[in-house]
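Across the two complexes that follow, subunit A remains constant while its partner is subunit B and subsequently subunit C.
Let's look at the complex of A and B:
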């Protein structure tokens, strides 16, 4: 196990050791050893969801086998133990993203719920019919539709920052669109379709210069790069457990304490109250005010294990290896005659969207699957972006730190086979 | 050219054809080849009205009556999808509408293609079958009424 055998998070990883480390980390992921359609699995759909290391699976299992109880209310020992584990995970997450206090860490079902929470609880009471919500062309539907719903409720307008052909944000246009009517800026740290890393520091600085709060969709960032919300100075930051090697159904909303404190609850129910009576109810303190009902305890504890795992593997290794995967993949894929890359930003994560000649992405994905290769095909929940490029969708290969150079060779040779079959 | 024969006879022919290929690559090649013989829908009908819902690729399907028979034309922007529609149309085009309503689609399992399809493809295939059955039921019903 990497957690026991390799401790390199603070050390410099030498180039020649990367392959050895990958071999080690792959052993931590039970699912990676299986065959699909008779071929060893090549899992390149990490932007959709990542696989789970043994330590996360074990932590979730042991919680159910040894510690399960409801949190925050029981006087009995098991309940206290479950509460301690649940709140320890919150502290782990706080440290992981550099938040000032655990009061700023709200557990949600995922990025989607976190963004909906900001839209409904923070933005809705503050928006009028002449307000504007500034998003970008490359947002995931989860950072578009909550704002459109809000627009329907308040009359506020959703304004879209355009992109350049290479898939980078048009920052001049952003500057112009950022105006007196802008009430909130919502932007992805990394585009799930193109891999573009957006200059969120610049966006936050320019927005704050006009006292406009910024919410960052960080779902694609945390699996690939260290995030420090305090240094970023973003107002809200949302991410999901399942994309960062943790369980599904758990996510995080970070919010500045002063903002969260002033916000009304998002949902009502148990655990989020201080006292309830028919003459009036008072709400619990942060962050519990936003966690109505019995939470996803096992998921939260599993998320804590995922953070531990990432910190043990270390972003130093993750970033070096993924940069090498990206460069190698781009170079080898470029040798394919009929390939067309969608999005070619210089600053990008290990996500590659492409088309193979005139072939429908769906066909390409089906043929790759026959050869054991898992990629995503379609619009990747970014239909406006696909409309912008006037394409029905793309084939997307998205890498994680457990992918190998050999798997890139398998992808390329499978794509050659797909091209001969489909063209 | 649509072959002659009942639904069961035509299905039997296609099952035999696919049985010649023992690997997925051969089956896929044959499927894509079949897609090229698909009776294509007129471009004018490639509209939302004729779009089959539930497919990841776009599929347009049109049914008309020709005497007692159902005439089916279709198209898709994805080759494998087009091949799947071609199988259906090869068996169901120019068949009596009421025979299509009651058709047994188990031949799809015998062809062995279903095991090679992703769940989304299977859902898409089911949507196509549902749409064809609906058209056939409507044609069959309108014949009874008239």
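Let's look at the complex of A and C:
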């Protein structure tokens, strides 16, 4: 268990202690001890989904074994207990991202649903046929398609901020594209394909100077860096539980209370209403107005456990160790003759996309899999970005704080074997 | 590990990947078929020169992974001069060999047997079948067309 020793060392994590902490942390993740195709698993697909610590798994299990009931419903004790646990998780998440009030924390199925909610409930009533939605070239499909659907419904136009060759946003172009017609800006904090950390503070400041609201896709940010929505001053912020060591099927939409309050519900059903009659229905107060039906109670409670876990491990350790992983991986991978990096931003998370000579990413991925190494291959749900680079996809190694320097060596050695086999 | 690795990427597969056979546009051709997998970006055009029941010539162009390219290359080698009936029967045998566990041994598969190693990687079966599905759809279309009274008179 990571326990207190990790917590105590948070403020002064030294280089030499990082390896010891990683060793402790790895013991919290039961899945990491297995072998794949006869080799110890090297899990480098964290940008797709991260693994779960024992504390998250246990919290979900104990919820089902000891506390399960429906929330916000019954007068019986079990229901009250489940409700308390569910709402306690909301308070945990509020503190985690620095929101002013739990009214601003809406639980969703994930980032995708959160972004769709913003598109349909916030943007749709406000957009006209001459409106523009400003996104970027490096968005995940989940921050493109909801806006395209909205475009089909309203006639509004999706405008794309271009990127530089190194995978950073063209901020001059952004400035020019931000215009009188722009109704909303939607941008990823961190690119899931390139690892680029976008200057969201700058984007928010420039957008707000024109009274344009900003929605941040924060799915790739929360596993790697502390986020404070109050300080960012973003209008909406979406993220997923499963990419931050929590369960699948649970995510969060943060929205400023005044904005959420003025928005119509996204879905209708139980829990989101105050009273229903056939002559008319009044809606529940925030955040329940946006949580129709029985929610993912276990997932929410598991998400709370994931937040507790991250806070216990500490972003200080996470950022120092991941920075070391990134630097080491980039340096060692650079030694491979045929490697070509896709995206080379100076400000980036521990996500590395590359191609190996002319080898197809799927072939490289299959060879690595035979050696127990899990990487993602393909377009990573960013087809427009791949088209921009004129490639069908990449091999992507994405690191979490439980990855080790030794695993980078295994990746490099496996890539050498793949290159000699395939080329 | 090495054994399994070789099962997926046998030398013959890599040879077809690096030196694909019939890898050019056909001139003249009677039919083309597009094979595209949006998930991985693999995209081939298959050219066919068909008469009423025979594949006179077949070739392909495009880009894809070693498995899909080797499979397309082997397909063009095996189907040149084949009757529609035997081509479709071979496609059916190949698909069976990829999709079912412990398929009965089938000599008709020839070099295609090297591709059945992809069964250990289920996500790659689509790669092995990509060009075949497109080509055989075109052949089936031509076959149906050939037996209609208008075209067989």
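To be clear about the criterion, the second predicted complex is superposed on the first by the 417 of 423 C-alpha atoms of A that agree within 3 Å, B and C clash if a C-alpha of one lies under 4 Å from a C-alpha of the other, contacts with A are read in each partner's own complex, and residues count from 1 in each chain.
We take it that contacts are C-beta pairs under 8 Å (C-beta built on N, C-alpha and C of every residue); 3 or more make two chains touch, one makes a residue touch a chain.
If you're wondering where the values come from, they're calculated on a predicted model, not measured in any experiment.
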Return fit or clash for subunit B versus subunit C, each positioned on subunit A through the superposition.
-> clash
Can A:386 be said to touch subunit B (first), subunit C (second), both, or neither?
-> second
In this superposition, the partner of subunit A with more touched residues, subunit B or subunit C, is C
Touch check for A:422: first (subunit B), second (subunit C), both, or neither?
-> both
For A:99, decide between first (touching subunit B), second (touching subunit C), both and neither.
-> neither
Between subunit B (first) and subunit C (second), which does A:286 come into contact with in this model arrangement: first, second, both, or neither?
-> neither
Partner chain(s) touched by A:39 [first = subunit B, second = subunit C, both, neither] = second
Subunit A positions within both the subunit B interface and the subunit C interface are 37, 359-360, 362-363, 366-367, 369-370, 377-378, 392, 421-422
Complex contact set, residues of subunit C against subunit A | 1, 4-5, 8-9, 14, 17, 38-42, 63-67, 121, 124, 127
Subunit C touches which residues of subunit A in the complex?
-> 37-39, 359-363, 366-367, 369-371, 377-379, 383, 386, 391-393, 421-422
Which subunit B residues qualify as touching subunit A in the complex?
-> 24-25, 28-29, 32, 56-58, 77-81, 116-118, 121
Hey, which residues of subunit A end up touching subunit B in the complex?
-> 37, 359-360, 362-363, 366-367, 369-370, 377-378, 392, 417, 421-422
